[in-house]
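Alright, structures below, take your time with them.
Two complexes come next, and they have one chain in common, subunit A, joined by subunit B in the first and subunit C in the second.
And then the complex of A and B:
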């Protein structure tokens, strides 16, 4: 029914040639394109059964795993690094934080977390030295150690991903970059996490939640594994609010990104799926509602790059 | 009738309302429908039907419809990537598909005007390990086309199944023509007596450039030699290229031969029939 409303709106727009309304119509119609029947879900713009979606997503990430990082850099012209840095700044972890990074595959968030915590620790030591406070012998010995036996304060990050190939790439990266302590890699499904209740201080999911078949279940699991006072952070592609940027973004997404996928990774279809899945993901406010439904409080979102990406944050209180 | 505005990007991708209720099953039989008509303004556009975006223009299994802008980007990108990383054979294939439309059309016309070529277009034979009787071919006597072909496959350790499927050609018959060209490429290696190293591939590309006029072959022929050392370049320019070009000019269209029926023919007689001149006595 919504699809036919979309059609009527489209025909009306086209006959009156209202350029300004076209973006609204397009938004309506894109939404209509993503409507599905019961028991069905969307895989990009395709309609598939819910069991199929999980399998298809698994195959997509299995095939892109090796070129995942280089594709991210090419598609976003390196801007994804800034987005992830902003996420970490918003998280502002202190030494001692326990982080769970879901759909963390190749480890970008985990490595940034480790760097942040280490630099926080160094900052703390510097502050103490500046104010002439005496450092304890533990702190002195730690600051001299070249090999960190543990992360400062006992911080820990668990990277959880459903896809073994992505975790494999992540582990290789970690070895290559020299991250070993305080880091663990776990295979798990965001809808059914293999962790006990009330375990983590922060739960992050960066560019992963739109690939989950049942987003509400993933949010409930997030609520479950967080400690009281814990924070939920989600970095995800969202809807652009500026009409001009929206047109350019659509053009770039549909024309350039699959071509980049074909040339760099030899895989057009996976990147076609990627841009379609972004369009079918709920908008900022709707997703905020879903986060609130899972029980989180003080839910806020922050747009980055005019809404191309949004960070949603909530607390378990 | 909705006015047709030419956009370098496919309308369905920016204006989701321009949707058609078609899947590949609904399309009329290929011989009734000219695949080059991509914009059907006489179809009723209904939004009630769910659109499977991928299947809208899909003309054959594996077809990915692309807009002119995407084709341009693909051509540029694949050309660069093929030079940067010569092991990316898929990039060479993509370059051939995105730049070859007029050359493919003239090849198809040549095939249509020749009885054997026309038969190939009708029957659409494919050269694959599953359809080839490799042991039978190996049993043929030395010097026969079939025996030499299998010898070529064995000594270069290649297989006919590694040919890329066609993705970006927007006409189902032309997609078959380029697929046939790819599958015949190995047979060309056999007839020209060239191995699959860089030098051999460049020679075959020169021959194919003259024969087919495909821009990808021309680019490969011109830029392929940049990776060769001086000695190989010398042999190439003094002996191999002149021979390849002359053979290419002298030979009739290589796609007009039903190779699957000619396994027992000797290589020499097949060369004579096609018009390929005797290869120079050089170890490549």
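And then the complex of A and C:
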């Protein structure tokens, strides 16, 4: 079909831009496995109808919800924590920020946000002390009070996920760790967010966007709910630029991860899906284009771990 | 004397510093509150939430623990304090009949 040939050429062109010639062959191969016809989409390397993808993704996460965190630590050898920390550092939220964390399931980003904002506040207080500025009575009394009261500056984070099992796990974690104020949980679809326009300062989606059936709709919704001046941040698996690392990464992904999935979570298929979905997700530049299409400006990306993961950032201006 | 006050406040910080930022010391009264929390819905969320279909504000109905969009005649359930805002999860409010049977797709 002309459409699929055109798509192969398109993928080849994009591959050549940022991959060395050696891996173009591999790029074309995995690109070819990800080609789909109109009305279809990919569920890993499987071709499914668009309606099916949503259901299948839901079942994957429903099945892995309880073991999600353990699996993340095992698969990435704990490195996912560093990636998420870097995301927060790039966000650099000040007290008073309203964050929407989409596909935030078990709350990793939300908890880091709360910690960050709290330590920023403490840092501000200490700075004021050091420079001998007088603290207002409000600030002094707040420092004595328990952390249970409002987050500093009225910061708030809303965690939105399509899967209620993941949110349940997240909520339980929050209770265990003692996070309660300024944190809300909502079951919602990234393509149809239940929030009004111009509401949030920051929108994050960490390791979630490749599971969305219509990525462009999710990006448009992200644009809609952000305030003018708001920031879009996406942390997602991406394409590795180094051919040696790429080969080791492929080996690890296809040989080790599904086995870990079977041993730890008792679910080979879900982790096979995970690994395949990473291969089918657009590369850094292509995704950057999609973010720009949604209206975001000053779109940039930053590779982490040689491109295994990338952080895309854009602003609504 | 301002220096003295600052030293007092600084030492208060050292005492107030918790094992890691974000941890709240657990008191007995907190534990009771936490046990209630799973069921309760935080009305502050209403400030952000709208119906995903019409983007219109919602009304919280405490008796059935649902969020109602009167215009479209649908209600979104709240389970374990988490509102479910997926359109397929919402049920139609039958205005004529009195029965509360949920019609879920």
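Heads up, the rule we're going with is that the second predicted complex is superposed on the first by the 293 of 317 C-alpha atoms of A that agree within 3 Å, B and C clash if a C-alpha of one lies under 4 Å from a C-alpha of the other, contacts with A are read in each partner's own complex, and residues count from 1 in each chain.
Note that in this section a contact is a pair of C-beta atoms (placed from the backbone, for glycine too) under 8 Å apart; a residue touches a chain by one contact, two chains touch by 3 or more.
Please read all numbers here as calculations on a predicted model, not as lab measurements.
Enquirer: Given the touch rule stated above, what does A:280 touch, subunit B (first), subunit C (second), both, or neither?
Expert: In the superposed model, A:280 contacts neither subunit B nor subunit C.
Enquirer: Now for A:196: first (subunit B), second (subunit C), both, or neither, which partner does it touch?
Expert: Only subunit C is touched by A:196; subunit B is not.
Enquirer: Looking at A:164, would you say it contacts subunit B, subunit C, both, or neither? Reply first, second, both or neither.
Expert: Only subunit C; A:164 stays clear of subunit B.
Enquirer: Have a look at where A:64 lands relative to subunit B and subunit C in the superposition and call it first, second, both or neither.
Expert: Once the two structures are laid over each other on A, A:64 reaches no partner at all.
Enquirer: Output check: A:255 vs subunit B and subunit C. Expected answer is one of first, second, both, neither. What do you get?
Expert: first
Enquirer: Where does A:263 make contact in the superposed view: on subunit B (first), on subunit C (second), on both, or on neither?
Expert: First partner only, subunit B.
Enquirer: Quick check: in the complex, which residue numbers of subunit C touch subunit A?
Expert: 2, 6, 9-10, 12-13, 16, 18, 20-26, 30, 34, 37-38, 42, 44-45, 48-53, 55, 57, 79-87, 89
Enquirer: Which of the residues in subunit A come into contact with subunit C in the complex?
Expert: 111, 114-115, 118-119, 122, 125-126, 129, 132, 134-135, 140, 143-144, 146-148, 158, 162, 164, 167-168, 171, 175, 177-180, 184-189, 192-197, 199
Enquirer: Within the complex, which stretch of subunit B touches subunit A?
Expert: For subunit B paired with subunit A, touching residues are 2, 9, 13-17, 46-48, 50-54, 64, 67, 69-70, 73-74, 77-78, 81, 88, 90-91, 94, 167.
Enquirer: Which of the residues in subunit A end up touching subunit B in this complex?
Expert: Against subunit B, subunit A makes touches at 3-4, 6-7, 10-11, 14, 22, 25-26, 29-30, 32-33, 44-47, 247, 250-251, 254-256, 258-260, 262-264, 266, 268-269, 272, 276.
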